[in-house]
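Heads up, the next two complexes both have chain A, just with different partners, chain B and then chain C.
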Partner chain A sequence: MNPTVPLGNTPSRPEKATEVSGLTSLFAKPWVRAFMALIVILLIGMIFNANGTFFRWSAHRDMLRQTSVFGILATAMTLVVITGGIDLGVGSIVAAVAVIYSTFLMALPVPFSAASTILFCLAVGAVFGVWNGFLIGKFKFQAFIATLAMMTFARGFAKYISGGRKVMNAIFFPDGTFKYNPVFPEITDWLNSRILGNNIAIVTIIMLCCMFIGWVVLSRLVWGRYIYSIGGNEEAARLSGVPILATKMLTYGLSGFFCAVAGICQAAQEYQGDPEAGTGYELTAIGMVVIGGTSLAGGRGSIGLTLIGVLTMGYLVKILSLNAVAESTRLMVTGAIIVIAVLFQSSRRK
Partner chain B sequence: MAEILVKLTGVGMTFSGVSVLRGVDFDLRAGEVHVLAGENGAGKSTLIKIISGVYTGFEGTLEIFGKNQSFSSPIEANHAGISVIHQEMSLIPGMDVVDNIFLGREIRRFPWRFSRNQEVARTRELLARLNLADLDLHQPVEEFPMTIRQRIEIAKALAYQARIFIMDEPTSAIPESEVELLFNIIRDLKSQGFGIIYITHKMEEIYRIADRITVLRNGDMVDTASASELPERELVKKMVGRELSSRFPPRRQTIRKDVRLEVKNFSIANPDIDGMFLVDNVSFDVHAGEILGLAGLQGSGNSELLNGLFGAFGSRARGQMLVDGVNYLGPNPSKSIRRGVSLLTNDRKASGIVPEASVRGNISLASLRRFSSYYWINHRREDEAAQRQEKSLSIRLHSLAQPIITLSGGNQQKTLLGRWLETAPKVLLLDEPTRGVDVGAKFEIYDLMNRLTADGMAILLITSELPELLAMADRIIVLHRGLITAEMRHDEATQEKIVHAAMGA
Partner chain C sequence: MKKLCLLLGLLLIGQAVFGLQAGEKKWRVGFSQCNLGEPWRANMYEDLKREVAKYANEIELIHKDAQNDTSVQQAQIREFINDFEAGNLDILLVSPKEAAPFTPIIGEAFQAGLPVFVIDREILSDQYTTFIGGDNTVIGLAAGKWTAEKFNGKGALGVELQGLSTVTAAQERGSGFHEGIKGSDIKIIFQVDMKWLEPDARQEMESALSRFPKIDFVYAHNDPGAHGAYLAAQAVGREKEIAFLGVDALPHEGVSYVKQGILSATFLYPSGMDLAIEHVMKLKRGEKVPKRIMLATKAYDKEHPDGVTIGEPVVTW
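Entry: the complex of A and B
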């Protein structure tokens, strides 16, 4: 996934005359900077390799699986952030969808089949997102406010559906074995499986699919151009005939859709829909987007950058847990890394 | 002779090598209204910014109350007794009257505690002098009409013990009926020994209020005279009396018979003041191949007129607009673009470029749907279009992929022109197309206008540079406060006539 984006940030400046020297211009490219942060993290992992665990494939495989839900949310966040907005509701939508999914799978109401359960969950996420976009585009809500309200509402919605309890979607037996939900066990089974010789988790594949969709939207569709132009200069975009309201509704809608995808993955991985799930996920997702180098001011960034940001953050968390670093230290280190990574990214701007 | 409050000697100002003000001598006496007159860009704003401490590092000397001063900030000027009543008010909208007046210099009983009662009493006293004795002091100032807010601002200045008032177009924001009230306050201040520097673009105001007039032109001081010794005709001549040079390509006659654009009874409601109009019942038509110039000072409504015709004001614009005989009023920009009306806005940075986007992306933005099928962008066709515009407008760049912000002002402007030409407009609305553009690029833009009209396009042109208007426009209409005050053919237009009409004279 190449972070080359026709509008918005333009990592490649093909004209040789502008280049002072090859190296300087190389380091001016945002994706090179993002990549360097990733390499630094990898080097740290090699030094603190936890008795060689870091050199085993399983460490990387697990990292990818554990990061996938966040990666999907970071994809959603990237789209929204490039419009100049932010989506604080992603974590709560994950919880709401996870709860709905689990509830329906354990005891389907009559009109629902298993497949329509999934469609319904995705639709719920999309509707939540579209509503955000509507408030922001139509009534000029600040994105922070509109999505903060959604964050609160969706969390409440998750608790309402579940009655405040965790909803299992697998049945556990006293001897420690379990079987998947009675209605449609195949889907949970599939979501938790791996392909390519048990190496790549399906959730990772789903994350990559979401990223691919995001990349197509941003760099191949007219819609993506509109996203970049709104983030870059909304008034200029409006006067150029860009449909601001529709673009925002669609973009936040897609963000909500991705959140729903993440919610289903989360529920499948945890065998339950937890109304408290996803707390703080929005901040992790924002962190990933920012570490990748997408500007919160909007108008530039790309999915490719976010992929690098997701890997950087994912490896950081993995390395810290491999070395059994206490949670307190983990949080402090993560905070510090975000600051360093962003300093790194912003030094290229005047 | 009255006390001299402000005295400038040999004042000049240079911005990054460009001299904007040279050798200005100016003085303000106690008890007078001294009007600064001149066209946009003559240096009036620079001069008041020097006096009020906004600009530092000017040449020459500035004396306040006979003492040599060089302010390092507006606050210092403020403490020295200078107060600027701004065009954009400097009040904080959500704060009440008392807090606004004493903001930053609250009356304190102890360092950590201010005395609200004393502030209220003092506020009452000040407002009484401005005929506002009954004002509710605890309302946020945003709830008062402009006129009242302006007087609160004057009260604030009085609270600062200001003796020198600088008023920059104070009547542009208030309705005609309130102007006399303001003038009464000004006369009152005058009689109490205050000095007032007054800037206005309205001829009739100058003679209603001025004691003396200083005329600036292109950064030079032309003259200072008492108002009674400087008749209007003479004043206008001094303001515009600059030579025309051949900075323009010859304008060829390209006007065709058919009417391209017909505007009937077009109005735009003022969003801030009920019942007032930014553009008031305007009607005119433009032929194919014609350049119609719109003249008028800031606030005359000509810029709003173009934006309104383009649909940028939505339903606030009323009236009829026919493009090639088809009745149509743009309800939004996207519809207007499809109907063949395009607008180059006057603020490239705020409403023109998407700064981080590539030159290519900036060119294609308004016509993206033409380079896409089923919402997928056809990058090859987009690139061809961008190259076509790059060639025909000779945009100087390294690569179409470079962000537009890295181009010079002139090339940014040409890129934006490329954006609008790519929409294949029938009517092109140009609002200050040469603002912030170097001389060479200006010539190219004039040349382009000639070529486009030769192909039958109709152009509406706004420019604050009168020579440009006289050189390029086939016909000129002049607006004043939203009304058309004059219409003249190219061959009968003169700077004097335009300035007269623009000031509503």
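Entry: the complex of A and C
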């Protein structure tokens, strides 16, 4: 692997670094540009350090935990964005899976085992994703429309299963009364815990694993080449024999699978399945992908870039939170930062 | 097709016979709900069904859910007015999504002679029969007094997790609380929005825990917020040294959290369905009903796991 591109660059369009030299060539690299946005955010954090809290590990550990669900969704989003598509259904699939996970483990008179629950949840996510890919690949639906339908359907599905109520450790009876089960499933406790001397959340490790899988797919497998070539020019890819339908079904399927992972993490961290969970998460995930420098036009980008985007947004949220900034100001600052971060990227496309 | 017609005919005859046997005319009570998707409103519907069931021989309920859409709710109220004009409705209960868009149509229903109870959210005129709703300032005040009673004199430091500082309900829950702790040595050291959401409350509480080595209590503007704060404190082993206070007191959320020892207290935001149906019955019997009923709150804590009423409903004629 090229040591100057440690985070994995786009294989289909290598940057021609040999034409320019020194600092200029460094700044031509997308990951350097993405890093600049992150560094700006970190500098802001050091200035507004909330009486030194920003310099404590706990702030960073908590930021990583908080951003993990978003990071997993951003990984899913990166894959479909590189194909030239988009996945608006990610937040709703989080809710559907969170509700299924909580129902199976807590709300049934005889709960399912942890292993079968998780397998079922992952399968549901993957099936939802494959269905998206099928509509987009077979019936030439625009990704926006197909996944918008999924966004609506999966949200309804979550509400249907849960009856519109948060699924918690209360078992309801038909007459409206309920009984409490004081013991939470072990798997939930484990997912909500930390390892390595209490220093890193399990969900953060899970996010990194998902990113590793995404990186392998994009950078090490033929599947990844197909993803880039479809995003670059679908017609050319088809003429050169890329299996468009299969690639799209698999890619959206993997996206759905990652959403299910995120849904399980969400439910475990809340100790409940909220049918309203994940509302608006798709936009945060898209924001992270774009800030990293993956192009919404498709064909260009990488998981490494998305990791930088995830950290940039994660730190921004954390710094605003540490300083107890009011919600209205947060929204304005976040909007401004997205513009600035994308400005760092834009000159590359000239 | 013939069979189907026969079946329908039989059903109609059955209905007619049954209706004749029932004797006195049942009142048909319409309920226009702005959004059944919220847990508090889902619980409100459960309360309503339970109260209506008490008078099953005298009233029946027609429930319409607008799913958080202003124009849908306006259309549904219009349908109710048409039902009333056709003699198929006797009283309307409305919990409007927002004030301004519903002021004219509720006024129109009232002018047409349909008795209208406005529930929970007010409109911008007095063109209705009765308003019944909770008072967020009263609830905040109760929470503040509870905190002052428990912590005054100890120099207690607290975190306030606001619903959304731009929303009236959150402003009132906040100002009531600050009124309640006035004169004590209690200080709020971290005050931040959590958008009524549990994951956001957890994130904000993590920040507070990183910043402040000593936190004595958390006042969250809803129970999920208090629960999220509890989970954040539990993750760093500080949940035992902090009292968590929530608002809403839904049976399976806040009240159970108190019973499980997760929250120290929660304060009821009442649905008022018991009083609403009580006053529907009064109206049916031809009695006079008040113009406004501001509901009292209830505190649930370790000493009162089943709740203790604080104050009285404020009734205006």
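Worth a mention:
The rule is short, and it goes like this: the second predicted complex is superposed on the first by the 308 of 350 C-alpha atoms of A that agree within 3 Å, B and C clash if a C-alpha of one lies under 4 Å from a C-alpha of the other, contacts with A are read in each partner's own complex, and residues count from 1 in each chain.
Basically, contacts are C-beta pairs under 8 Å (C-beta built on N, C-alpha and C of every residue); 3 or more make two chains touch, one makes a residue touch a chain.
If you're wondering where the values come from, they're calculated on a predicted model, not measured in any experiment.
Legend: residue contacts after superposition of the two complexes on their common chain; A:Arg300 is shown touching chain B, with no touch to chain C.
Of the two partner chains placed by the overlay, neither chain B nor chain C lies in contact with A:Ile44. After superposition on the shared chain, chain A has more residues touched by C, the comparison being chain B against chain C.
Within the superposed three-chain model, A:Met106 lies out of touch with both chain B and chain C [touch as defined at top]. When the shared chain is aligned, chain C comes close enough to touch A:Arg56, but chain B does not. In the superposed pair of complexes, A:Gly232 makes contact with chain B only, with no contact to chain C. Look at A:Ile200: by the touch rule set out above, it reaches neither chain B nor chain C. By the touch rule above, chain A contacts chain B in their complex via residues 6-10, 12-15, 17-18, 220-223, 225-226, 228-229, 232-233, 235-243, 299-300. Those residues of chain B that touch chain A in the complex are listed here as 310, 312, 332-334, 336-338, 343, 345, 350-358, 360-361, 364-366, 368-369, 372, 375-377, 379, 382, 398-399, 401-403, 419. Per the touch definition, chain C reaches chain A in the complex via residues 36-37, 39, 42, 46, 50, 164-166, 190-193, 195, 198-199, 202-204, 206-207, 209-211, 224, 228, 231, 235-236, 251-253, 256, 259-260. Only residues 50-51, 53, 56, 58-59, 62, 65-66, 159, 163-166, 168, 170, 172, 176, 178, 180, 182, 192, 194, 266, 269-271, 274, 276-277, 317-318, 321-322, 324-328, 330 of chain A touch chain C when the two sit together in their complex.
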